[in-house]
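There are structures below to look over.
In the two assemblies presented below, subunit A is common to both, partnered first by subunit B and then by subunit C.
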Partner chain A sequence: MSDQVMISGWCKINNSRILVNDKLVFESPESLDFSEFSKAAFKALEQPYLKFYKMDNLSKLGFLCAEHLLKHNPIDGKYIPEEIGIILSNAESCIDTDIEHQKTITDANNYFPSPSIFVYTLPNIVIGEISIKHKFQGENTFFIFEQFQPDFMTGYIQGLFDGGQLKACIAGWVDLSPNAKNYNAVFFLAEKSGGSEVQFTSENLKNIYNQ
Partner chain B sequence: MEELILDLKKQLIEALNLEDITPEEIDTNAPLFGDGLGLDSIDALEIILILEKYYGIKIDDPKAGAQIFYSVKTIADFVVANRK
Partner chain C sequence: MKVYITGDNVISSLGFNTEENMDNLFKGITGIHKIDRGYLSPEPIPAALVDSGKLEAVFSNIASPTLFTRLEQMMILSVKQAAESSGMDLQHPRSLLIVSTTKGNVELLEKDKKTNFPQERVYLWGLAKLIKDYFKLYHTPLVVSNACISGLLAIEVGARLIQSGQYDQVAVVGGDILTPFVVSGFQSFKSLSPEPCKPYDANRDGLSLGEACATIILSSQMQNIDNRAVVVAGGASSNDANHISGPSRTGDGLFIAIKNALSAASLAIDQIDFICAHGTATPYNDDMESKAVNLAGMQEVPLNSLKGYIGHTLGAAGTIESIVSVRSLLKHKLIKTLGFNTLGVAEKIKIISETKECELNNCLKVASGFGGCNAAVIFSVV
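Then we have the complex of A and B:
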C-alpha cells in the first residue's frame, strides 16, 4: 500500500495577490503590470538575488511562487538535494518569451538575437531557476496541458514517491499569457512527513486551485 | 572617451538587466565578472552583441574576450581601437 503523500503548504499568485496557505502575504494595486508587480513581490521577500532581474516573466512567476511557498513552509535541511523534485505544468508554454525572441530575429536588417532572451525559450527553465536557488536535484518535469490536470499530477507524483525517487516535491501550475497580460501560478508542497492533515489528492488540489 | 564610457555603462545596464544600478555606481576600472557585477557567460554573449549592434565590431577570437571584457575601461579601449 502507498504511503500517504500530504500537502504541506501551497501558494497562489494571480490578480496582483499572493496567497500562502490561504493567507494573503502580498498584494499590490491591480493597475500594476506584471513587470511592476513581480518586482514589488520580489522585494517583499527581502532577499538579495540579482539573478531574479535577468529571468524571463515565466521564470519570475514560478520563482516568486516557489520562494513565497518555501518561505512559509521551509524544508531546509529536511532532505538531501536528490530527494526534492519539481513537477510543473501550464498551457501557454513559454509563448511570452518566444514572442520576445521572435522580435529580435524578424528584421533581417536588425538581426540581433539576444542570448539572454533565447536561453529562456523553453518552459522548463523555470524549474532550473528554482533548483539552482535551492540546490534541488530530484526528478523534474514540465508538462503542457490545456488546463490544470489534478488527476494526472497526483497520479504521476504519487508514483515518484512510491518509487522512492522523491521525499518532497513542488508541484503545480505556472501559466503566463503573451505580454504577461494574464498570469496564474498555484504551487503545492507535497511531502510524506510534512505534519499536514491535507492529503495530496486530486480533489484537494482541485479545491485549492479553484479557491 | 568619457561619453563612450557612459554610453557603454547605460548599454550594459539595459542589456544585462542590472536592476537598481546606475552608471555612476559601475566602477570604470573594476572587473565586470567574478567579484565585480557578478556577470556570467550569457552576459558575455550580450556584451558581444552590444559591440556588434552599436559599434559594428565583431569579435573574431573568443579567447580575446576575457581581456576585452575585463572592465568597462578595457571595453571602451577596444571600441576606440576597432570602431567602424
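Then we have the complex of A and C:
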C-alpha cells in the first residue's frame, strides 16, 4: 500500500521572485509592493482570467503559486477531479482581509460591510479559487501552524495517498501578513506517478522551503 | 483499527453540558432568540447566544475570566469537561488536541479590545498555544480552519491520525463566538433570516447565527462505555470547484464527499438510518443538499437539520452536530427539524418532522461551506 509519493514539481514565491523546480521563472524589482508584483506575476502567465482581479491578496498569492507550478508541471487530463486534493497551511490565516473587513464596521457613521471582502475572511477560500480554476474536487483542508510543519504535512498527505483518497495533491504553505507587507508561498505537487526522483519526504520539503 | 467516541461536551445556547443540550433538543426547545440592536448588530436579529453571565460564573471556578477571551473560556471549559467524561489524559505524548474554528479571537481586532490581550492571541496558532499552555499539553494543538466544515473535517482528520497509529486519543474542540465581525458579514450577504431559521421549508429565507463550543473525544480504545459504543466509520472531504460563496448548482461536490465516506466506511446507502445535514435554511444551501442527497440515491433516508435549535455555529457546527447525532444513535431517538413545516427544496428528500424513537445504527453527517468545501462523516454503533 505504501507506494512512495514523489514531488513532481514545486513553486516558491517570496521577495518578488518566483522559482519553479529550482529555476527562476519571474522576477520584479524588490521596490514593488505586493499589489504591483502580483499583477506583473499574473501577466507573466499570459492567460486571461478576470476572476484574478477580484481575489484578495492571500488568494492571489496562492493562485499565482498554483498557476506557475502547474504551468511547468501540467497534470491536465491525468486524473479525475476527485482524485486531486489541495492541503494548505499558514500562520496568519487571512489576517490581511480580516483587518480590511473590520475597517468597514468600526465606525457606525461609516458602516459598509461588503460581501466581496467578507467572503475572503476564511483561509480556505484560496483552496476554492485554485479548485475552480482547475476543477480539482478531492480532499481539501486548511491547517494553521505557527511555522511550516513538513513532518505533519508529509505524514498526513502520505496517509491520504495510502488510503486511496488521493492520486495527486497540491500541498504547502501560503502566508501573507497585514497589508501584504510580507508574503511567502511554497507549493509542492505530490504524485505517485510523476516520473520524479525526489521523494515527498519531510527532509526534501524542508530543504526546498529553506533554500 | 476502530476509532471510538469516548467522551463529549457541548456548550451552546441550550446549555453547558451535553445532557442539558440533549434534553432541550428532545423537548424541541430552541436557543434562538431575538437580540436587540447593540454590540452585535445595528438592527435586531434572531441569534443563539451562550449565556455570558453563566459562562463567567462557571469559568471562575477554574481560572480568572479576565485572563481569557470569551472563546478561550468556552474552549477550556469544554475540553476539560469532555476529557474528564472520557478519562482522557490530555498531557500524554500519545494524546492530541485539534482546534476547529473559523474566526478564533477575531474580536481582538476591535479597537477597544486590542489592548486587553497580547496581539498573538488574534492568530489561531496563538489561541492554540494558549490552550496548550493552560492544559500543559505535550503536543502543540493542530488547528483546522476550513469555513463551516471545519468541525466535521477536524473529526475526520483526528480519526485518520489515530488510524495511522500516530496518536491513541484525540480531543477535537470546535468553537466560534458571535462578533460584529461575523454578524455584519452575513448581513452584507443578506443571508440572515429575520425570524428563527426554517431549514428545508418552502418559506425559508435565510440562516440564524449561533455560537457554541463542543468537544468530542476520539480513541483507539473503547473505554468508559457500557455495552454500546459509536465509532467514526469513515469520512471524506471534497470541493465543488464551482463558486467561492455560492453552493454548487448540481450538488456534485457534496455527493463526492458522501460517496467517498460511504466507501471508506464500507457501508451501502440502505444501511444509513439517518442523515444529519447542514441545513442552514438559506434557499441555495438547502436546494443543493437536496440535489446531492438525490445524486447519492438517499432521498428516502430520514434527514434532519439542527440549525433551528442552536443556529449556525460555524466552526463548532460540525463537532456539536456530530455529538448530537452520536447521542441520537445511542438513545435510538431521531430529532425533528425545528422550524420545518412544508417541504420546499429543489428535489424531494425525507425530512424528520417528529422527534421519535426508532432503531438506529448508522448516521451520515454532512457539512458544506464557503470556498466550495464539503465534508461527510459516518458514525456507526458497534
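Just so we're on the same page, the second predicted complex is superposed on the first by the 210 of 211 C-alpha atoms of A that agree within 3 Å, B and C clash if a C-alpha of one lies under 4 Å from a C-alpha of the other, contacts with A are read in each partner's own complex, and residues count from 1 in each chain.
Everything that follows uses one rule, which is that contacts are C-beta pairs under 8 Å (C-beta built on N, C-alpha and C of every residue); 3 or more make two chains touch, one makes a residue touch a chain.
Everything numeric in this text was worked out from a predicted model, so none of it was measured.
Enquirer: When the two structures are superposed on subunit A, do subunit B and subunit C clash or fit side by side?
Expert: Pair status: fit.
Enquirer: Examine A:Glu27 and indicate which partner it touches, taking first as subunit B and second as subunit C; both and neither are also allowed.
Expert: The answer is neither, since A:Glu27 touches no partner chain.
Enquirer: Can A:Pro115 be said to touch subunit B (first), subunit C (second), both, or neither?
Expert: A:Pro115 sits against subunit B and subunit C alike.
Enquirer: A:Pro81 contacts which: subunit B (first), subunit C (second), both, neither?
Expert: After superposition on chain A, A:Pro81 lies in contact with subunit C alone.
Enquirer: Please indicate which partner A:Gln137 is in contact with in the superposed arrangement: first for subunit B, second for subunit C, both, or neither.
Expert: A:Gln137 sits against subunit C, while subunit B stays out of touch.
Enquirer: Who touches more of subunit A, subunit B or subunit C?
Expert: More residues of subunit A are touched by C.
Enquirer: According to the stated criteria, A:Asn124 is in contact with first (subunit B), second (subunit C), both, or neither; which is it?
Expert: So A:Asn124 only meets subunit C here.
Enquirer: Using C-alpha centres in the superposed arrangement, which angle lies between subunit B and subunit C as seen from subunit A, in steps of 10 degrees?
Expert: 80
Enquirer: Quick check for you: in the superposed arrangement, does A:Asp98 touch first (subunit B), second (subunit C), both or neither?
Expert: A:Asp98 contacts subunit C only, not subunit B.
Enquirer: Examine A:Tyr53 and indicate which partner it touches, taking first as subunit B and second as subunit C; both and neither are also allowed.
Expert: first
Enquirer: Once both complexes sit on top of each other, what is the least C-alpha distance from subunit B to subunit C, rounded to whole angstrom?
Expert: The answer is 7 Å, the least C-alpha separation in the overlay.
Enquirer: Under the contact rule defined above, give the subunit A residues that sit at the interface with subunit B and also at the interface with subunit C.
Expert: 114-115, 119
Enquirer: Can you check the complex and tell me which residues of subunit A touch subunit C?
Expert: 81-82, 86, 91-93, 95, 98-99, 101-102, 104-106, 108, 111, 113-115, 118-119, 121-125, 127-129, 131-132, 134-146, 152, 155-156, 159-160, 163, 165
Enquirer: Taking the complex as given, what residues does subunit B use to touch subunit A?
Expert: 15-19, 38, 42-43, 45-46, 49, 52-53
Enquirer: Which of the residues in subunit C come into contact with subunit A in the complex?
Expert: For this pair, the touching residues of subunit C are 42, 102-104, 106, 109-111, 122-125, 128-129, 140, 142-147, 153, 157, 160-161, 164, 166, 180-181, 184-189, 236-245, 252-253, 256, 260, 264, 369-373.
Enquirer: Mind listing the subunit A positions that touch subunit B in their complex?
Expert: 39, 50, 53-54, 112, 114-116, 119
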